[in-house]
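Going by the order they are written in, the chains are A, B and C; count residues from 1 in each one.
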Amino acid sequence: MDPILLLDYAGVAVFAATGALAASRKELDFIGFLFLAGVTGIGGGTLRDVVLGDLPVFWAENPDYLLVCATVAVVIFFSAHLVESRYKLLLWLDALGLSAYSVMGAAMGLAATGSPAVALVTGVMTATFGGILRDLLAGEPSVLLRPEIYVTAALAGAASFIALFSAGVELTLAAIAAFAIAFLVRGGALRFGWTFPRYKSRPGRRPEDIP
Amino acid sequence: MDPILLLDYAGVAVFAATGALAASRKELDFIGFLFLAGVTGIGGGTLRDVVLGDLPVFWAENPDYLLVCATVAVVIFFSAHLVESRYKLLLWLDALGLSAYSVMGAAMGLAATGSPAVALVTGVMTATFGGILRDLLAGEPSVLLRPEIYVTAALAGAASFIALFSAGVELTLAAIAAFAIAFLVRGGALRFGWTFPRYKSRPGRRPEDIP
Amino acid sequence: MDPILLLDYAGVAVFAATGALAASRKELDFIGFLFLAGVTGIGGGTLRDVVLGDLPVFWAENPDYLLVCATVAVVIFFSAHLVESRYKLLLWLDALGLSAYSVMGAAMGLAATGSPAVALVTGVMTATFGGILRDLLAGEPSVLLRPEIYVTAALAGAASFIALFSAGVELTLAAIAAFAIAFLVRGGALRFGWTFPRYKSRPGRRPEDIP
C-alpha cells in the first residue's frame, strides 16, 4: 500500500479517536461522538485540500474515510470507560495523528506546488487543524496553548520529510523517518515536559485594564 | 419555483434571523446585526460549496442571498424588542434553518458525488455550520453542546431525503417530507426535551487535574 | 509597484505583527509567534481566495508572503519588550491591516464577479477574518465584540473603493483614498471611542435562565 495513503488513513483514524474521546469527556450522546470524530478526523485534510485547490476534498471523492471515522466513533463509544485516563490517551493519539499528518500534508504540498515553504505550511496546517477544531467545538482548552512543544513537532516532521525527500531519499523511507522524528519530538514533550523558552518580558495585561 | 432553491432562500433567511437575534442579545450596533446575520445565513452553504468544489460560492454567483441577509438584519433590528424570549425564537428559527439546510445540503452532495455517505455529511455540515459560527462569534454557548437532540435532527433530514429520493420518490415530495421529519425531530426535542442516553461512565477530569 | 499588491503585502505584514503581539501577550514560545503571525497574516486573504474560487490560494502560489510573516514574527519576538503597551500597538496595527485588506478584498471581489454587493462582502471578510482567527486561537476577547466601531471601518473602506472605482477614478487613487477613509474611521474610533448607538431594549438572558 502507498505509504502516504497509509499515513492518511492512520491520521484520520487516530484524530477521529481523539474527537470521540473528547465527546466522552463531555458526556455527549452517540451522535455527538460521530460528529466530533468526523470533524477532528477529516478537518486537517479538508483545509489542506481547500488551500491547494484539490477539490472536491478527499472524503467527498473517497467516502471510505467517513466510514473510518464512524467505525472509530463506535469503538470509542463502547470502550472509552476501559481507559484509565482518557485525556492522556487523547494527547498520545493526537501525537500520532500530528506526526502522520505533518508528513502527509508536507508531501501533498510539495507535490502540488514544488515549494518547500508552502509544503512546511500545509504540513503544519494539516497536522494541527483537526485538533484545533476539536478543542474549539468541545470546549476543551486548546492544545496550541499548552506549555509543552506542539506545533514544533509538526514543523519537525514536515521539515524532515522535505529535507530527506529533496535530498533524494526514497518516498517511503523519507515518510517513515519524518514520522518517527515528529513523534519523538511530540512524545518527548509529552513524556518529559519539553518546552522552549517562552517569551516572558512581561505578560500581557487584560484588555479591560488598558486605558 | 424549484423546491430546493426555495429551501435554500428559506434556510438563509431564518439562519440570518438567528444571527441577528444573537446580535440583539449581545447589544451590538446595527453593523454587528448585519455581520452576524450574514455569517450565520451564508456560513453553512459556503462550507458546502467549498468542500464540493462548487466555486465561486453560491452568494458570489448570486448576490440576492446577501440582500436576503441584509433585509432580515434590518427587520430584526427594528422588531426584536417585540419578542418575549429572543433565545427561544432563536432556537426555533434555528430548527427551521437546520431542517431546510439538512435536506438541501444532502441534495447537493448527492447530485455532486452520487455517494449517500458524502451526502449525509454535506447535509449535516450545511445544517450545523452557520449556527456553530454564530455561537463562536457571538460568544453564546454552542448549540452543539446543548443537552437535547440537535445534530441527530440534521442527520434524520439528510438520511430521509437520501432514502426517499434514492427509492424513486419525486424530488419536491422527498424534500418536503425530509424537511418535515427533520423539523419534527428537532421541534420535539425543543418542546419535550428529547435526549439520547448520554455517555456517562465518568465525566472527564479537567486537563489541569491530570498528573 | 502595483498599489493593490502593495496593500496586500502591507496587510499581511501588519496582521502578522498583530498575531505575534498576541503571542507575546500569551507568553508563547518562538514557534507560537510564527504560528499566530502566519494564521493572522494570511487568514483573511485565504478565505477571500477560497470563496472566489481563486485556488491554490495566494501564498501557495507565491511563498514570499510566508517569508513576510516569518520575518515579522522574528522582529516582534526580539522587540516586543520595547513597546509600552503591546495591546494598543496591536489594535493600531490591526487598524492598518483592516484598512488595507478592506480595499484589497473589495478590489478582488469586484474584479472576479463584477458585483458591488459581493465586493463589499469580500472586502469585509478579508479585513476581519485574520483578526477573528487570532483572537479565537490566542484566547483574546474578540475585536468584533469590542464596543467601538470596527466592522464599519472595513465596510467604509470597501464601499468607498467600489464607489470611487465604479465612478471612473483611477485604480491607485481610488485605493489610496479608500484606505485613508477606512483608517480614519477605525483610527477615530480607537482614539475618540466612536461608537454607534447599540441595540439596547434589553440584554439577552443567559440561556440557562430561560425556562
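By definition in this document, a contact is a pair of C-beta atoms (placed from the backbone, for glycine too) under 8 Å apart; a residue touches a chain by one contact, two chains touch by 3 or more.
Worth saying up front: this structure is predicted, and the values here are computed from it rather than measured.
Taken together, the touching pairs cover every possible pairing of the chains. Shared residue numbers account for under half of those found at the interface formed by chain A and chain B, and the copies are therefore classed as meeting with different residues. With centres set at the average Cα position, the gap from chain A to chain B is 27 Å.
With touch defined as above, residues shared between interfaces to two or more other chains in chain A number as follows: 50, 55, 136.
Per the touch definition, chain B reaches chain C in the complex via residues 22-35, 38, 46, 50, 55-57, 59-61, 63, 66-67, 77, 80-81, 85-88, 136-141.
Every residue of chain A that touches chain C in the complex is listed here, in rising order: 50-53, 55, 109, 112-113, 115, 117-118, 120-122, 124, 132, 136, 142, 144-145, 149, 151-152, 155, 195-205, 207, 210.
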